Amino acid sequence: MLPDGARLAAREINAWRGDRHILRDVSFDVRSGEFLKITGPNGVGKTTLLRVVCGLLPAESGEVSWRDRPVQGASDEFHAEMAYLGHLNSLKADLTARENLRFLAGLRQALSDSDVDAALDRVGILSRGDLPARSLSAGQKRRLALARLLLSGAALWILDEPVTNLDTAGIALVEDLIREHVERGGLALAAAHQRLLDDAPMLRRLELQ
Amino acid sequence: MLPDGARLAAREINAWRGDRHILRDVSFDVRSGEFLKITGPNGVGKTTLLRVVCGLLPAESGEVSWRDRPVQGASDEFHAEMAYLGHLNSLKADLTARENLRFLAGLRQALSDSDVDAALDRVGILSRGDLPARSLSAGQKRRLALARLLLSGAALWILDEPVTNLDTAGIALVEDLIREHVERGGLALAAAHQRLLDDAPMLRRLELQ
Amino acid sequence: MWTWFHKFASPPHAYRLLGRLAPWLGWPALGLILLATWWGLVKAPADYQQGDAFRILYVHAPSAWMSMFIYVVMAVAAAVGLIWRIKLAHAAAAASAPIGASFTFLALATGSIWGKPMWGTWWVWDARLTSELILLFLYLGYMALRSSFDDPQRADRASAVLAIVGVINVPIIHYSVEWWTTLHQPASVTKIDKPSIHIEMLIPLFIMIVGFQLYYGWALSRRLRGEILQRERNATWLTKTA
Amino acid sequence: MTGRASVGAAAGLVFRRDLTLAWRRWDEVAQPLIFYVVVTTLFPLATTPDLNQLRTISGGVVWVAALLASLLALEALFRSDVEDGTMEQWVMTGQPLGWLLLAKVASHWVLTGLPLVVMSPIVGTALGLPFAAWGTLMLSLLLGTATLSVLGGIGAALTVGVRRGSVLLSLLVLPLAMPLLIFGSRAVGLVMDGESPSGPLQLLAAIFFLSLSLGPVAMSAAIRISVES
Amino acid sequence: MTGRASVGAAAGLVFRRDLTLAWRRWDEVAQPLIFYVVVTTLFPLATTPDLNQLRTISGGVVWVAALLASLLALEALFRSDVEDGTMEQWVMTGQPLGWLLLAKVASHWVLTGLPLVVMSPIVGTALGLPFAAWGTLMLSLLLGTATLSVLGGIGAALTVGVRRGSVLLSLLVLPLAMPLLIFGSRAVGLVMDGESPSGPLQLLAAIFFLSLSLGPVAMSAAIRISVES
């Protein structure tokens, strides 16, 4: 069970990329037990928004707050409670699937071998655990990146098109993972083009344009 | 109008990755005016098959033939007539969208500036033509990779999950592009997890398992 | 106080203020530099040891000091910009670098011109000379790093880190003559208690320094205006001014 | 999952990860060492085979070769981690980034600096360096390459996001490395003249600790800028 | 679209693409020069400021610096193109791959080798190299850096893949560079002693043409292996 009452809020975020004003006064608010789906056409600024929330991009104005405290000054505390899955899978091609998890998820949580195996099993690539990430198929790589989320122990998941390259079973898996996480008291944000938990009660939507 | 009567055939392809026998006696046959959709769960070997067809991976046994001649010994002629869009977009992050097209598609076809602009316009990123590829959004990068196909002048398109990262309009665009290409007498092969021209008359299917 | 500071640092205000300031710095700078040159070359007595060759001191020492001074200004501005996120401070650091590099080059050039008669060679690999050369490379590296970024905000912060790290070199330049036995002149003017140099030679030296400082102020305000224009090219106040 | 990983454990993981990766790609890791050996063994061939003349400059030659060899490997230090998205994950672990980066630099030093130090007596002897100077050469190189790794880490962190970073990197790092070279080769020179090398060695040690205290802060500031995109 | 691009046009595009990637800004053009100057200033710093003593080794020093500069940038020559998928597209253009790769190596040489050649008299003079040796130094460097680019290209193509066998081969390329260094510096040495440098220069030219004829075939074979994955 995750600590309760967490809340992520963004207030009137404005952000520029180069000389384009991408985000104009974007606000949202997600609480423990909710899943926010961010939609919008290619290039509208979904990734930009998620990266601003993560603190990977500076906003021109506006504020992101976590547990009612601005993220700005306290980013280590915030980062310890969140996990980000971007367009990139953040895998080292020369390390095996197991090593990838141990060396990246292990930076956050003390992990035993059985934790790692359990996560690999959950995402359906346990049998590929000792292959270098370079040899995994595109969908298997994405699954490995999802396994990292499972091991992060984070209350807040920030997902950028999580179902990229996944097959039908993979999409169902992502939906299950998000549902379980949110029902356990977690929060999740995801940018997506496809259907994703579209009929679930915990869904909230943010449409960028 | 493309030269007619082209035919791509694969006969009893067997391929290994490491110590796994991935493709077992896979055969197919596509003719001018047809579109072959390859489906199957993650890791089943769709990418492997496409790369074998391209000559990027050696098959253990079996034969790929183009215009009824084995591809093996005549790969330059074959390559001159085909275009491959892989999981990677093959873009240089530091070059602008325009330069990327000019320097990569230009290796195959003599291109004028207006050709490049027309292709960018067709995929909907003309206004981003002078941004470095690094600054494009994930979907815009994929669209740029599609523009390369348009400029390749190839009769055979080999597409590995072409709709990755695309929004709804982008998926419709890919469908239109494939349809037009095939109706012009071209051939197309695509691996895909989503619906793609599923009700079109030119569709043929290959399910790997 | 804080609000006043932010108002001052706001681009439109700074732009106008710098425009008004520039002539008040430029003309006095020119006057003082000419005066000091005349005084140093004509009026001041020849050195009993070095003859007339020493007169290059009036350019050499002030430009050497300026090269270090400007680096410190640059590093402080960069630190202010980094910590309090003030864009104007970053702009000031960026605008200072080429001026500082020019003074460094001048110090190196006059030094080696002076070195030929004094030491019989243009250049030796001595600690002060080497560390001054490193200063030039630091300026060049700073400018090269800046221009390698497309995004001015990222360029600001990356180059600020470099400027701050490189500031260690300044005390090394200054104390090099004490820490190592070198050919170069030990501190004679900057000794706090009693300068070991004739007062007749000191006056034009000080005039020259003030002149150089004013020149720096003038050049800085001009470059800074350019920087502001460049950065704010989309802003509304500018389109109104123009 | 037995709770949050400690800073030490996280830094240890980073260190071990880089050793593992290097083991997989040891041809890349071997490059600087090969360069070092080739340059120093070829130096007499390129200049003069006269050992008496070589001896006077042997310390300096070994030092320059070590400096350049370290530089050779620095450029790629953070590049692949930034490009494949690993670095942005490190920024968001909630662990102090400076320590993770320092651990990475440490493993880089173990892989490239340490072999140079170990090889230096052999290489030096080939250039006529007397036995008496071995200890000083190794000690000065130990301090020097370690400092260089930290300074180079700062430079690499700054330039990882820019085009043609390699040349820019050497432009930034070489000026900072010059004092190391001067003190290092002076220490060897002193001991060959029968004098005590402790002065320059102490200065090297001082610079090392200075860079060690500055390094993590500067590197993490630079990396945060580089992952913004 | 006015029809199929010729081989020459394709090779020209590759060449121009790499220049475009590198020459976005003036400072990027200047950087190799500055780098070279900095590297050669390190030698007198570390060894001896005495010009008479430096003079005897000046040719060798310039040559070693050139070797380093070529190596520094070569390692990454094909890596980014292989990793972002550009190389597999090149394999499938239907154009002869060897020519495209040779064009890439040529642009690399223009960016790193040529500036070294142009700067060498100035740098050499700072090290006491007499005016009479300028021509020989430049000619030997011209041939030497060009050969190094081709040889290094082969090495880079071999090492870019993950295959283990590549390591052995990369170890073979560096030794191939040794004769260049030896002949190059011997040519400079000969002319400084007032003798004719034509012997070593002819050898350099022979090695250059040999590598030029071998290069495209070897590189394209190696690249085809490394894109298989």
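By letter and in written order, the chains are A, B, C, D and E; residue numbering begins at 1 in each of them.
We adopt the following convention: a contact is a pair of C-beta atoms (placed from the backbone, for glycine too) under 8 Å apart; a residue touches a chain by one contact, two chains touch by 3 or more.
In this text the structure is predicted, and so the values were computed from the model without any measurement.
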Open item on the list: Just to be sure I understand: going only through chains that touch, what's the smallest number of steps from chain C to chain D?
Closed with: 1
Task: Longest centre-to-centre distance from chain C, chain (CA-based) - done: B
Task: Distance between the centres, which are taken as Cα means, of chain C and chain A, whole angstrom - done: 49
Open item on the list: I'd like the Å distance between the centres of chain B and chain C, where a centre is the mean of that chain's Cα atoms.
Closed with: 59
TODO: Please work out the Cα centroid separation of chain A and chain D, and write it as a whole number of Å.
DONE: 36
Open item on the list: Which positions in chain D are in touch with at least two other chains?
Closed with: 25, 163-164, 168, 171, 174-175, 178, 182, 228-229
TODO: Spell out, as numbers or ranges, the residues of chain C touching 2 or more other chains.
DONE: 125, 130, 137, 140, 144, 148, 150
Task: Where chain A touches two or more other chains, by residue - done: 18, 58, 94, 135
TODO: Please name which positions on chain D make contact with chain E in the complex.
DONE: 25-28, 30-31, 34-35, 38-39, 42-43, 45-48, 53, 56-57, 59-61, 63-64, 67-68, 71-72, 75-76, 83, 163-164, 166-168, 170-171, 174-175, 178, 181-182, 184-185
Task: Residues of chain B touching chain E in the complex - done: 54-58, 76-84, 86, 88-95, 99, 102-104, 106-112, 115, 151, 153
Open item on the list: For a test of understanding, state which residues of chain A touch chain B in their complex under the given definition.
Closed with: 17-18, 40-43, 47, 87, 125, 128, 131, 135-140, 143, 161, 164-170, 193-194
TODO: Sort out for me which residues of chain E touch chain B in the complex.
DONE: 1-6, 9-10, 13-14, 16-17, 20-21, 24, 80, 84-86, 88-96, 100, 227-229
- [ ] Using the touch definition up top, name the residues of chain D that touch chain C in the complex.
- [x] 154, 158-159, 161-165, 168, 171-172, 174-176, 178-179, 182, 210, 214, 218, 221-222, 225-226, 228
